[in-house]
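What follows is a short report on a single structure.
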Amino acid sequence: MLKTPLNTIPKTLAALSDYENLARERLTPQSWAYIAGGSADELSMRRNREKLDDLCLLPRALKDVKLGGTKTTLLGQQFEHPIISGPVAYQALAHPDGEIATAMATQAQGGLWVMSTLASRSFEDISNQVESPRWFQLYVQPTRSQTLELIQKAEHFQFSALVITIDAPINGLRNREQRAEFSLPPNVRAVNIDTPPPLAPPGEGKSVVFQGLMAQAPTWDDIAFIQQHTSLPIVLKGILNPLDAQKAAELGVAGIVVSNHGGRALDSVPSPVEMLPIIRQTVGDEMMVLADSGVRRGADVVKLMALGANAVLIGRPLMYGLATAGALGVAHTIRLLRDELEMTMALCGVGSIEEINKHCLWPTA
Amino acid sequence: MLKTPLNTIPKTLAALSDYENLARERLTPQSWAYIAGGSADELSMRRNREKLDDLCLLPRALKDVKLGGTKTTLLGQQFEHPIISGPVAYQALAHPDGEIATAMATQAQGGLWVMSTLASRSFEDISNQVESPRWFQLYVQPTRSQTLELIQKAEHFQFSALVITIDAPINGLRNREQRAEFSLPPNVRAVNIDTPPPLAPPGEGKSVVFQGLMAQAPTWDDIAFIQQHTSLPIVLKGILNPLDAQKAAELGVAGIVVSNHGGRALDSVPSPVEMLPIIRQTVGDEMMVLADSGVRRGADVVKLMALGANAVLIGRPLMYGLATAGALGVAHTIRLLRDELEMTMALCGVGSIEEINKHCLWPTA
Amino acid sequence: MLKTPLNTIPKTLAALSDYENLARERLTPQSWAYIAGGSADELSMRRNREKLDDLCLLPRALKDVKLGGTKTTLLGQQFEHPIISGPVAYQALAHPDGEIATAMATQAQGGLWVMSTLASRSFEDISNQVESPRWFQLYVQPTRSQTLELIQKAEHFQFSALVITIDAPINGLRNREQRAEFSLPPNVRAVNIDTPPPLAPPGEGKSVVFQGLMAQAPTWDDIAFIQQHTSLPIVLKGILNPLDAQKAAELGVAGIVVSNHGGRALDSVPSPVEMLPIIRQTVGDEMMVLADSGVRRGADVVKLMALGANAVLIGRPLMYGLATAGALGVAHTIRLLRDELEMTMALCGVGSIEEINKHCLWPTA
Amino acid sequence: MLKTPLNTIPKTLAALSDYENLARERLTPQSWAYIAGGSADELSMRRNREKLDDLCLLPRALKDVKLGGTKTTLLGQQFEHPIISGPVAYQALAHPDGEIATAMATQAQGGLWVMSTLASRSFEDISNQVESPRWFQLYVQPTRSQTLELIQKAEHFQFSALVITIDAPINGLRNREQRAEFSLPPNVRAVNIDTPPPLAPPGEGKSVVFQGLMAQAPTWDDIAFIQQHTSLPIVLKGILNPLDAQKAAELGVAGIVVSNHGGRALDSVPSPVEMLPIIRQTVGDEMMVLADSGVRRGADVVKLMALGANAVLIGRPLMYGLATAGALGVAHTIRLLRDELEMTMALCGVGSIEEINKHCLWPTA
């Protein structure tokens, strides 16, 4: 018998890992496998945490930071802090309020919310209840017209940036899901897109991967096409290879997200924290570079920003907060991270987001 | 009570490690110890996996690979993919169909099958039911005439290459087998060779190892002798030392297999993935270099090929597939690996086997 | 049912880790969480032990050390050994005798005792029963007059140095405490200071951390102010950053303590043993540099001194000794460490504290 | 109820680690703690195994080693193999036959046996039953006359070398023993020396370690004195520091043993395998350098010899063999190691002890 969501936050709920435990008691084993799992052997998922934990902060004592704060500007918009609520699919899996809850909680905490192409609540519902600024995450659709339709909706509902996910043209090898026999329950679906028809079997001697899935996967040409058909700033999400970062810079996109999709796409890849310094060096100081995958502590936020990120995204923690206590849980999750971020900054002698740099780390990056 | 082989593949069977678990329920503890075990403390067996897992893939996004595929040419013959079914002894231990099942499943999947000198099914049976191309693995026999007899059989039955195993003149210290009191059951034996008589005790002050086993072990002279007595291309299997690779190149053999025999021969040796780059550099770009020992994921195939292998061999996974579900299990095992290989290539932005190179790895080899 | 303190030391009590186990049986889960826990994920707390254990001693054989000893001079005062009883708060949590017991045991063992601002026994009580030399640890108070009052008390009661803690302007993220719902029991409080009023909520858009806690946190100006208002030598406790060490040297303080507060302040920071060599190099040979965080063995004392410390502090072990067997337990705890220190020195061929240097380590620091 | 020694060796007894398990069932918990334990936190004891396991052998294929063997010359005497039965104290703890059994088993296996100063059987008994060559391990005694008396006995009973242990002037911190309340049972004692009187308490302000134990510990002067009073070759056992090796070379001793006393003396020191290459380089090619601490596999023997050892000693494995099956168990233990050594040599393509060198390792030392 699954537990029901909490109405109040117990005093013993001290950190995001506590939410993970409480969420597990409130999710079916199938949904848990889907949300908490990574791809294949989950090497990258574990590596995300290990590489963040391996990195040391270097505190600084006796600095005057009484004027400090965490205000953050992203693509011209100001937020209270740099912790972005990332585009998680099918949020109704965690709680009936789904995306409405995460969006409202995010905005109550002064943060940026990103809607997924695979949202379980409609553009209309969300826009009625949650104000701009918010960003829209785009999965490029099988046809260009479907893609343009989504972009136009995002524009219409005043989303202020497009976050195009580029690291998942194929679903990761979600072995944990498969073993748990996960499938979407009847009441949860991606309401804003047409369910794609099952992929036709490839012909004799053809490959489901190459001639099937990859034949409709986006390429750099599609990014250029989208750039020509929208005035929204474009952020490419899912970059680990510095060559891709360089290409993104050459195309003139507004930003990138260094990410391994939380260890859910290709397994056995580096953690973002490993690639971030090289990528920041590749694209220069001006481009907006975000990072995600494994952020669970305010210390992680400082570490990623010290290595070059302008802000960070969280994913699973939103679902854990949502499953545990709905919007209240999400808001508290973000609040915990914010508080930890502030305390970490204060103890590193840093009074603003802009001051976070490699001198906050040891050994210096 | 051992479970019986499955007739269908359950949807929850997601990866080769699942086959390992299912096979264990269908093998006697003795056979399990023989098949799954390594030598001595199994340091090398574990190292094989650890060193593969330590290596990172570097994905590449938004590349057009819709024309991609995995076709592979080895010694002039084309296969659908580079995953070779290696020469595992005594396959009837895992399933009554034994070698017939692995060979048929391999060919159904468009792959290359290698018959072991210690096959439990006869040259005749196999050749009646399984077409060429297939390769024959040769253990050099106590006398040259016995060796030549085997080679002539291989030629007669249209095997197209000889894979001479050179890393096991002595059985590894199979402590796990010994503790489980493994011995071949009555219905399983190497039907294509005469059972060698027990080794005569060495004389006073002589060593069973040096004056016994090693006195009949092959040397480089024997390789040269075999070269002179067959027109089949020769592949030397079981090389870790770059000096041995160099010697092989000087002898002009057709190829080598970088291998530690799955951690079953000498324990406490490097993993093939560690020696492969040096060995490839030693022998140059032209020689066929294969690798094995620890391959369990499509990602492993890409990693080994990125370090210089032309193709890879699997061993134990064949036995696990066989024990779990006979030919069907083997075919599905290979299919899983192929699919993983294709997905890994696609997410690394690589459309053909030839394009796999060190840029697929991080840090670049 | 908690066990009561022991009256005699059992022969099987061989090392400080044994005290830890015995103490746990005598402390409430809440007090245990408070005393034994670290901050956040306790990365730094574990790292403290790991980095000490990673370091190797290099023994030296057949040296004549029959005149050897461990006498140690700190700020002009001589002690029998370099193991300082650090300033642990609220010692009555562990045993009703609290600070009186640790102080008497420390002096019986010829060591230096440091009183905490958060002592649970009064200046008067302590001074009546425990002679000088002893040092006073100062937490800078919300107002300068409160701070000066404490300093004047320390002077009045003949404390001979001020140890100003600078790494905890904010409590660490004591998640373990929070989960255990620790709060001070009614009979334990900091009797020498006024309980600070609860922090007023910061105004709209203000941060509890920056505009609240950090607004009353000490800065370098406060250190300079204190220097001007006391004749006591000043030791700054809680330095990891070489820049802070340099600043301390420039201010001319009498000494510093390289420390991460036992992993109780900011988590995910280096261990003192990692920063000590750089810090010693930064401040030169003359300044007194102490170290703490993780010392549990005589070998640890030698390691830290070989890397540049003049003496070391212990914290939690005092509480474990106290909880296990009151003053007797503390005295025995210190005795165990002293004996281990002497044996380690003897086996490293070192006859005096001054001779301990980097040649005692391998690889040489 | 303890099990009794075996009369035959079961076929499932495959490796030295099996003896360890069987011995544990035949020893009291107290004796087990004494024999199997190391000092303090047993860091060095574990490190001994880890550092040996970390090192890789590099096999060599197809070499002709049919004339191979393991004959070994040490101080002018030839043995069948380089595995020396080290000087373990109080062997009657493991089996009533004690030293007689290990000596006879050792000689049956063609090896060298070293008698401990703390033997539980007399010089006379041993000499009656076990022929030369054998060596005598000397603990320098409280007085020079006692030491000379022991040396003269060793000479009288035709021991052919003196192995002077120099790393244990103080017993290691045997915390495991202390927790198990180990003491010698009434029937086991060092029959060849007078039980030393309990150490007089040191005077006021004196240290038990420095003014007590170390006041009667040997120094380099004592080594020189012994050299002048015996014609036996002298081997110094217990060297890790290259400076001590250099000093030994300058004194002109016949050999040294690189050792950390099996992790039983000072804890947290390097493993011999780490120091051996530096020490071999320090003393040059001519001096006999032996090594011990952690040898459990034939592969370990090759590794240590590849790094510069002329032969290796085993300690605890003798006691495990003895406890399990008396002399039979010891003989089989040595036989297992010999066989593993031969197999390892054969698979490394090495036909004699002299040929073992750094090219057998990867990476090359």
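Per-chain residue numbering starts at 1, and chain names A, B, C and D are given in the order in which the chains are listed.
By definition in this document, a contact is a pair of C-beta atoms (placed from the backbone, for glycine too) under 8 Å apart; a residue touches a chain by one contact, two chains touch by 3 or more.
Just so it is clear, the structure is predicted and the values come from calculations on it, not from any experiment.
Note on connectivity: the fewest chain-to-chain touch steps from chain B to chain D number 1. When the CA atoms of chain C are superposed on chain D, the rotation angle comes to 90 degrees, reported as a multiple of 5. Under half of the residue numbers at the interface between copies chain A and chain B are found on both sides, making the touching surfaces mostly different. Among the remaining chains, the Cα-based centre furthest from that of chain A is the centre of D. Centre to centre, using the average C-alpha position, chain A and chain C are separated by 42 Å. Rounded to a whole number, the gap between the C-alpha centres of chain A and chain D is 59 angstrom.
With touch defined as above, chain B holds no residue shared between interfaces to two or more other chains.
You'll find the chains touch as A-B, A-C, B-D, C-D. On chain D, the positions that touch chain C within their shared complex are 40-41, 43, 166-167, 169-170, 173, 175, 178-181, 207-211, 213-215, 217-223, 236, 238-241, 243-244, 247, 265-270, 274-275.
Of all residues in chain C, only 11-12, 14-15, 17-18, 53, 55-70, 297, 299, 303, 339-340, 342-348, 351, 362 touch chain D in the complex they form.
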